[in-house]
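Each chain carries a letter (A, B, C, D, E and F) given by its place in the written order, and its residues are counted from 1.
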């Protein structure tokens, strides 16, 4: 995304956090300055560091901000991830928004990295879903990539996913009708739009395979059924496993031969990571 | 907030989720209709139900939506929380945004309710913080209230919180200087703006008490120190406990005599609650 | 797209056309009403009729608007395409914006229909390109569909097109490097994102085929070379012909066996179609 | 217009063309750079060159852009009109939007220049109309000026045009009523607002002349009738000819003695001019 | 202007007055209702009544609002100008914004009516200027019309006013140069754009008259000089008097024979008129 | 507020004042430059000087602007408050918006300073109200501070004011019910939200005192009643006097012992202060 797209989102967040100014600023001399560090209280995987930095310079372009680690890198508790110095009023004005974003995004990256690590060596992709926070999808997807995961379709507009509710809505019940409906869809969609179909039971697979779709999602399947499904599909479509797949189970799912595992929890269950802004020892702070 | 403020946020979320339309809609007859229920997969506390409902009618005012339970009510797994019927295309267009919001807000309400329940009978308030999701503060605060919690200040604009970083920025070190700086602040702030001061050690209390502030936050105190602090303050200010207070510990903190306990985890560590949209049995779905 | 997305665009157009009101309205009694018809001055294919209608009701919800023909239908000179009645001030306020849109969109649909008709029976798709008017892409794409054409990718975000400039930028020169770069791309892109590669000469084909991409565009090829290319590709990718393909030549291109022909002229060279708003005979107009 | 007004429109166009980033960018090394030239494939008149240039620096302020020719200048096929160098990713991100605007605006300027040239020496103005693309009026009007044409009123707000539909709406039929209605209008309009009246037949002229309006438009008149009209008006108002005036006929219309000829085709029938962005020979491209 | 343009401005005002809701609303039962009247505390001229009414229905479409008097009408102290009934919470949410607008606009209308009344019978227009409140120009101009005044040009875009600073900027000093510069301007401006020239001394008049402009403003002239100026101009241009013309002096200025008197004070010195919202006697208020 | 919040408001004002450019600019050579001074025509108190300056650099960053006096400072007639130099076109484009803001804000500051001066030595605060111009509240509040006044609550969201209409809406009539309702309110409001209660008669005081609110407003009280009220309250709450308090009376009100006097007239009755932009003597102006 373009810098002005990020800025627009950050500006909205900054206004939300102080619509008509920081009342506490009156406490601080307008010429006071300090240096502060972004410090990790726990180990994790970094994401959102450029948002963290940009929040400060949007508030005040005279602030000096350094990024010590780039998105996608792991860090230990105590690590210094970045540094900001300049006007105390400006730093305190941006602090909370900057932290909220870095904490949330790093939380997602850290959880993603655990999933990715759990399937290491299998060649299976861990992907996100559309279960993202309204307004933050672009950033949360970047956090998933920072954790080593892959992105799924961005939105309803760029790829098709046919689910049980779609079939129910159409009253489509026979396998032949399913195949025909999928072929009709292909004939009207742009040729660059991928078609993925969600399948809930093995006996639905044949109708879908007949339509030659790009991806088949096996939803809430046991590992045994996943293995059977992978065999039936035989490489004619990509295979995605989905449905409440926990960190404990994810390795065994990856070993069934699926190509992708999508995990809603990456963006729905990641707690914010504990990062803090530490002002340098009192001696460094002064009315400049 | 006014209806058009909510609508504006929902519209942005709906556009984010399908900037140029739902490609999957081509699969569905434009006259097909169905009925669907919002069903709880787990027990919890409800929040965000009006957002859930409004997402549908914003997409299509001809949809019929019923709310079965109001925000703030507890429910069991399997409970039906609401119902929507009408155009299949429209329901599927709004579904994900509607669910994302109801799941996230109910997750916050459910976690808040656990904290509130843990301090039942003590008269202590559980409050949120400014650690909210950028853009969603108004909604997340409503979710905290739905869980029985209270709200803290909304933003940097409406109340003052003086923290260690403020003192460091000012190079304020002597107790007398702290008192004087706080009194100066009071003399310039609007008379309706409350002043809260964060205190890290008991020996800082005296200077703050001399300034007669509205609220004193005891940050990262042991329960013993909290008790001592409460006694020293002696009702002259409200007392807020803060700093990584877990569900396990919150009761003992409440029993120290503090007035408020603020918990960042309410909005930073609440996982989305598992709610789903179930289409009524196939027979009910049809090309209308 | 959702109704409010269209409304937002129409509102901007209406404000552009009279930022602080219609000065001519002072000439007209505020209670005067009339009936008017949207009449085709020439034959063509209709598009934009719902925008035409919506412009009126956005200006004044009490206007009564009827659509006589739907987008996608052909009409003869003299055909009545729609009707509007009600406040004279309101109709004249919306008239120009409504016409500008219907004329432009019908111009695109009409030109598209000529291309589609020229390739009738070949099974080849005529598609649009990203050469659309800034701000109007969604509407112009709908006009192409109304003319019987298909849409190409919507934007840089939803599908990949690798062109000569991409290869130049990478300094990629050997076939092996091309293949490798394409495979690397595939390994990072979301699994739902299609890859299309532009090829300028037949000798570039082999490297692209080795990467197994979704679509290959043969750019500015002679019909002979197109035939050769189609044979070399042998169904392993979709084949798109592109590059200044005129109405005169399009049939012969379609007969080379390509799957798609993309035509920038659909949106860059279509003149607005001559449609007018005729007020019913004077007797029908009156101060109501 | 102010720079930020142009930027706002360009930003919207850039977002439309890649709402969540350029997927193809993954193909290109983030440090790769190249130089590219804006080259005319055909002769024409330039317009939109500052938009072309600004699209690049909006995407990436580190790009270096040179403008070789200013708006309003003619050029031959093969002419280099501008140059851009810097990050390959950034140039490719902005390329299509930049070209779409320069092509469209230069198409309008080129067509306008043909009309202006056809009436050379007569002192007659060629003007645009309100038949512009929604959202692009300011730019298209600038393109008309670049072609040597003049602008008509900007919108319904800044000047009055009374047409047949206005008279029909008022049920105004007698010449005296027309005169009176026009005088009444003059008495309420701001004194700086010009009044123009459209006349369809010579016998309507007398009533309009009696009201002493600023401009009289003779709509769809034969050249003979135009001459008669000009004589009747006798310099008391400016005279504008209008109504499907082709390039073939425009000279003869200009010679009837009218002051202005307004041509909707300038903005409704101008095809985009063929301009392209040529990357300098491969050797110049490299991972920087 | 269109309803949605007014709504957008009102929405911004309502959000400014309670960005995250009315905290006082908690005091009131959500089902409580009351009736309230808009009452004039002093006599005056009404303006802004539709804004007053619309503020309420924007907040809550179920409120019932009646307008007792239309804009442009005079009223006595004690007059009831409108009425609103329904949800107490909703009425109190909109009250201040509704009053602020009606008070300010009626203040302008009332002051304008005094000026208009002072020149009654002379046929001279009292007009506003561009000295309006940022963001409220359209509303303040309507208030001037409600007071019986006329509007001047809306903005820098729709008419030209050449002032001393323009001449200074051009280093234009000789009368001949002034005339030529004005004629050059006429030859490039749209033919519908009026030219007005400000003149500070009688000896500047001749050069301006030679250029045949639409309006001549005599700035800060004595009444004697105004009379001389009017005679010199002799009907060839409209004549506008301007420059700190007070209510006490305005009649004598009007009698010098000028056509227009522009008065910045209409929008810069009008105090808000005292209007209040009176809730009906306690008995009428109740929890519904 | 943040710089971009101010810029957004200024941009809207600049667009309002010339939506599609300054038509008069054609009169001026594009390279002409001049120097101009902001000069006070009358004595007063300065506010809005940074807005004045920013309007110029928003229009054209190459303009050079100097601020000679800061907000909050008094000045005499003839004082030079600032200076701008550079492109004549750019200066004239921004001039009116810059002046409108500086004049209005300085008018408010000047009136406020008179009130503040009238109560000098009493220790009483003069405060503003919510009777501000829609869209300009933040700027008008800053102007009040520049005049030495204090701000009241910003909006309905950040502090509570219970008025007669609130009590009427609740049908609350007995003192006990008033006390209980206020205590209930306190128990739900955030602990940082101040409660102020408006009291119209002395006999209402007791019920309010029993609820221990933060501020009590004595509305439309005689000075005698104010003195009695102050005594009854006895320092348990802050006391605010309100209700049409004129400059003539304000000193006597301050001497009754109240803490605050709120004055709606500060923002509703302040006339714009007469400031002008004087171009340096002709010799300084030239085509650069």
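Convention: a contact is a pair of C-beta atoms (placed from the backbone, for glycine too) under 8 Å apart; a residue touches a chain by one contact, two chains touch by 3 or more.
Model, not experiment: these values are computed from the prediction.
Looking at chain C and chain D, the chains that touch each of them are A, E.
Shared residue numbers account for under half of those found at the interface formed by chain D and chain F, and the copies are therefore classed as meeting with different residues. With centres taken as mean Cα positions, chain C sits 33 Å from chain A.
A separation of 52 Å divides the Cα centre of chain C from that of chain F.
The distance from the centre of chain A to the centre of chain F, each centre being the mean of the chain's C-alpha atoms, comes to 45 Å.
Counting partner chains per residue, chain B shows two or more touched chains at residues 19-21, 93, 137, 154, 157-159, 188, 193.
Chain F makes touch with chain B in their complex at residues 125, 127, 150-154, 157-159, 188, 190-194, 196, 214-215, 238, 240, 259-260. On the chain C side of its complex with chain E, the touching residues are 11, 14-15, 20-21, 58-59, 93. Considering their complex, residues 1-2, 4-5, 137-138, 141, 154 of chain C touch chain B. By the touch criterion stated above, chain C contacts chain D in their complex at residues 9-10, 12-13, 16-24, 26-29, 32-34, 36, 88-89, 92-93, 95-97, 99-101, 103-104, 130-137, 155-162, 164-166, 168-171, 173, 181-182, 185, 188-189, 193, 265, 268-269, 271-272, 277, 279, 282, 285-287.
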